[in-house]
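Shared between the two complexes below is chain A, which has chain B as its partner in the first and chain C in the second.
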Partner chain A sequence: MLYKVMGRDVFKDFVKSLISNYEFIGPKRKDKAVHDFVPIKDISELDINYKRTTIPPAKKILFPPDEKLVAYEVNEKIKVRPVVESSEKVLFGINAWDINGMNFLDRFFVTDFVDENYLERRKKLIVIGMDSEPTETNFSPSMDSEYAKDGFDLYITELKDRYFIRINTARGDEILKKYSVTENALVKDFKDYNNYMDNYRKKFKLDVNIKDFYDNFELIYDDDEFWEKVAKNCYSCGSCNLACPTCFCFNVKDDIELNLKDGNKTREWDSCMLPEYGLVAGGHNFRPDKENRLKQRYRCKLKTFLDKFGRYACVGCGRCIEVCLAKINIADNINSIKKEVSV
Partner chain B sequence: MTLNVKYNNKSNKSSIYVPELARINKIQQISPTEKLFDIVFEDDKNQNNFNFEPGQFVELTVFGLGEAPFSICSNPENKDFFQLCIRDIGNVSGALHRMKEGSKIGIRGPYGNGYFPYEKMRNHNIILIAGGLGLAPLMSLVKYILHHREDYKEVMIIYGAVNPENILFKDDIQYFSSRNDISICVTVDNPDAEWTGEVGVCTKLIPRVDFPVEDTCAVVCGPPVMYKFVIIELEKKNYSSEKVFLSLERRMECGVGKCNHCHIGDKLVCVDGPVFSLWQIKNLKEAI
Partner chain C sequence: MSKPKVGIFGITGCGGCQLEILNLEDQLLDLVNAVEIVHFTEAITEHSDNYEIALVEGSITTEHDVERIKKIGDIAKIIVAVGSCAVSGGLNCLKNLYGVERAKELVYGDKKDWIDSIEVKPIDEYIRVDYYARGCPPNRLEIVDIIRSLIIGRKPEIPNYPVCVECKRNGNTCVYDIGITCLGPVTRAGCNSRCPSSATGCEGCRGLIDDPNINAQKDLLAENGLTVEDIINQFNLYNACKKVEAKESSK
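Up next is the complex of A and B:
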């Protein structure tokens, strides 16, 4: 990691150069409460002071809601070819917990088998991180995700009169050299950065007791009464999955065009909350109950990948709490598991 | 960005989702609802490189319609083709049943790091317990064992079918019966007038097995409802939970550990299974 500082006066020009030289994706205000990460053509569209983004930016770009994987021609002979599409993009203004969500997906999509569709997009994505204001439902410090130490090219922290920049890749360093003027960060810059980080961490109000979850979860797992209470209002709608920066479940479907010759395999996001998630041919459903599906989601988010990768598959962004129509609150539920067991 | 990618699937293919072209060489109707398909890759190189372990499965594409996982039921030592026994029950299997010999399909695989541990099972007595279509994945193991018969002690198959006409692999069963180094016991739930064999569920035959505890392995495959009852019977026999192996079914969309539909606890049936030891299953809530 290299550390540089950039003056306020040159920052705007830096962003403008990026917008004119790259396919640039950044936060744009969608309505009063929500921003969305969309292609930006002019700096006036960009609003880096965002708080809420419903669909996580990285997931949307790297793992789109529907994506062609394979194309084929069905004639006398059948020709099959992979579809791996990607282009260089700048993702600007993504916050620390969403970068950590992306880091999780990185690890996931290259483990066991390498998913080229994801990996190609990821390699070509220039990630420039910036902090954003946490929402009231954000508990990312509990999940060790409020700070990103990897997964970006540049991370820009806004100090009072200048920007403190962490440079994580050679690519990031080159971009900075090409499009801006920076100086090496000195002791006073680090001091101000530390002060900033102290204040930044104080903005997160929600605390979740995740440490004891690992064992307690197994005890509470068979407590049907507890899970009936938790899942009572669940509509099995899957909103929590759509809004999650780390959810990756998908379906693969084969389609054929109207000419009956050109076909393709497409993947589309799926949700482990939907009743048909565990349905197999012949009609047997391995997960017919919503209680069961919800607790399996908690296991996937909070335990499975602690065993596999040594990290949670939850970054504590709080989006699932905000989007849940039934007001199911994962943070409350984690805490209440501890309470339930301690009584 | 530091992406430390270790490539496990070292092939020239640039996507794990691309199937290889294959041909249905032969179709046999082996029961009112099941057909046996002989499959050969179009490219000889793919056929020569296709080495599978008993218990593994493939993802089969019917172009333009869909993809589904199927366990391989032929002898792994047969390098000329492989076989799938498929019930006409879903979108893909239904389409396959309508296909003719010579039709082209797509194959990915073989998949499943958890297969029947035939090496660990050497010098053991083997009980194979199958219910219905569950016989298909076990056939691959039976044929492997018969191919290397001297490596194993006593071999016994317990097979339960709904009714006599639903009995699968009748030719093979007849052949097994003619050999004196393998015993097979078939039971049906609903016998017809001509049926002279056992009647009832396959679990009731387990108590009759008298293989010694210390050197016996059991393998199980059948419909979801069967496992619980089979395990109860096997536990009465005190077989080690590390010597009982069960092949599980789950919904799969990818076969390569990405779509997550087949997860049970922290395991994925496609990459960690589909065969698990009873010890693993005891540690996986909801596995059975």
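Up next is the complex of A and C:
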């Protein structure tokens, strides 16, 4: 890691240069409720002081909601070709917990199989991080995710009169040299950065007791009354999964044209909260009840990948709490599990 | 392989579902190449009673409709109900809430006896229906998918999950966040979240998913300021023929 500082005026010119030289994706106000990461053509559209985004920016770029995987042609012979669509992009203004969410996907999409579509896009994605305001539902510090150690090219932190920049890749260093003027960070800059981080961490109000979850979850797992209470108003709508920066499940569909010659295999986001997720040939459903599906989701997020990858499949962004119309709150539920088993 | 013969019929409805098929534009030529259309009320004058697949729009509201749908049911091997009226009775069912006699009187006054009108029902109250292309109007791409699936002998993929899934895939802001109520959480997807994508609440034209959480939806609408009457009206708009009861159990 290299550390630099950049003046305010220089920062603005740097952003402008990136917008004119790259396919630039950044936060823009969508409506009164949320921001969205979209292609930016002019710096006036960019609003880095965002708070809420519904869909995690890295997920929607790297693992889009639907994409072609394979195109085929059925004539005397069957022709099949893989479809990998990718282009170099700058993802600007993504915050630390969403970078950590992307780091999880990075791990998932190369571990048991190598997903070329994901990997091609990931290689070409220049990631420039910046902190954003946490929402009231955010518990990233509990999940060790309010700070990103890696996964980005540059991470820019706004201090009072200048920007503190962490350089994580040679590519990031080159971009900075090419489009900007920086100085080496000195002790004074580190001091200010530390002060900033202390204050930034104070903005996260929600505390989740994750350390006591791992063992206690097994005690509560068969407590039907508890899970019925938690899942009572669940719509099985999948919003929690689909808005999650680490949820990776997908379904592959076969789309053949009406000419019955050309077709595609496409994938779309799937969700373990939908009743048909656990439905198999012959009509058996492994998880027919919403209570079952919900507790399975908690296991996947908070235990399975801790065992498999040594990290949670949750970065504490709080989106699943915000999008849930049934007000199911994973933070409250994690905290209440210890209380339940202690009674 | 000979092309399957298809009849496209309109019973009582606005005709908009047939129009959706005509609106296929990019795929219409492929469609008429893939099947032989022998009847299409809104589009062709030719008619034949020799067809294997019937696409039927509209609900049953007169004795004459009953005769027509039974005949279609006798001839066709596969029947696809197209659009809310055929699938669930649709908007026409609002008549039933008044009672047939009262509705006739309100509309036709002292000439009400001239009118042949019966209680509104969806077509599956009279004949077997194999597939449902839901919606008002239906999603024309779903109609194509059903026809294509029939040709290649595959089960059409009709979603059994709520509209929320499509809203998230489309990156929509939840309309509840901008002060609009919506039936999306209990309504069957397949419309590509057409209304919420335009910042309008879902009115439930595709009917409910198989296992909707009606209790949760009632709580949600009440929290958002709707009275019991408003809530019943919302559920009834497209589903008055299908009684919506909250289940005792939360499952």
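Keep in mind that, in the parts below, the second predicted complex is superposed on the first by the 343 of 343 C-alpha atoms of A that agree within 3 Å, B and C clash if a C-alpha of one lies under 4 Å from a C-alpha of the other, contacts with A are read in each partner's own complex, and residues count from 1 in each chain.
Here is the rule we go by: a contact is a pair of C-beta atoms (placed from the backbone, for glycine too) under 8 Å apart; a residue touches a chain by one contact, two chains touch by 3 or more.
For clarity, every value in this text was computed on a predicted model and none was experimentally measured.
When the two complexes are overlaid on their common chain A, residue A:C272 makes contact with chain B while staying clear of chain C.
Of the two partner chains, chain B and chain C are each touched by A:K253. Once the two complexes are laid over each other on the shared chain, residue contacts for A:K232 go to chain C alone; chain B is not touched.
Judged by the touch definition given at the top, the superposed model places A:P39 against neither chain B nor chain C. In the superposed model, A:D66 makes contact with chain C only, not with chain B. Within the superposed three-chain model, A:V110 lies in touch with chain B and out of touch with chain C [touch as defined at top]. In the superposed model, more residues of chain A are touched by B than by the other of chain B and chain C. Comparing the two interfaces of chain A, the one with chain B and the one with chain C have residues 253, 256, 260 in common. On the side of chain A, the complex with chain C involves touching residues 30-34, 36, 54-55, 60, 65-66, 228, 231-239, 242-243, 253, 256-260, 268-269, 271, 274-276, 289-291, 323, 325-326.
For chain B in complex with chain A, the touching residues are 1-3, 5-9, 13-21, 61-68, 87, 89-93, 104, 106, 223-224, 249-251, 253-254, 256-261, 263, 265-266, 271, 285-286.
Looking at the complex, you find that chain C touches chain A at residues 27, 30-31, 33-34, 144, 147-148, 151-152, 157, 160-162, 164-165, 167-174, 176-178, 184-186, 199, 210-213, 215-217, 219-220, 250-251.
Across the interface of their complex, chain B is touched by residues 69-70, 72, 74, 78, 80-84, 106, 108-117, 119, 122-123, 127, 150-153, 168-169, 171, 221-222, 248-256, 260, 263, 265, 267, 270, 272, 277-282, 284, 286, 292, 296, 299-300, 303-304, 307-308 of chain A.
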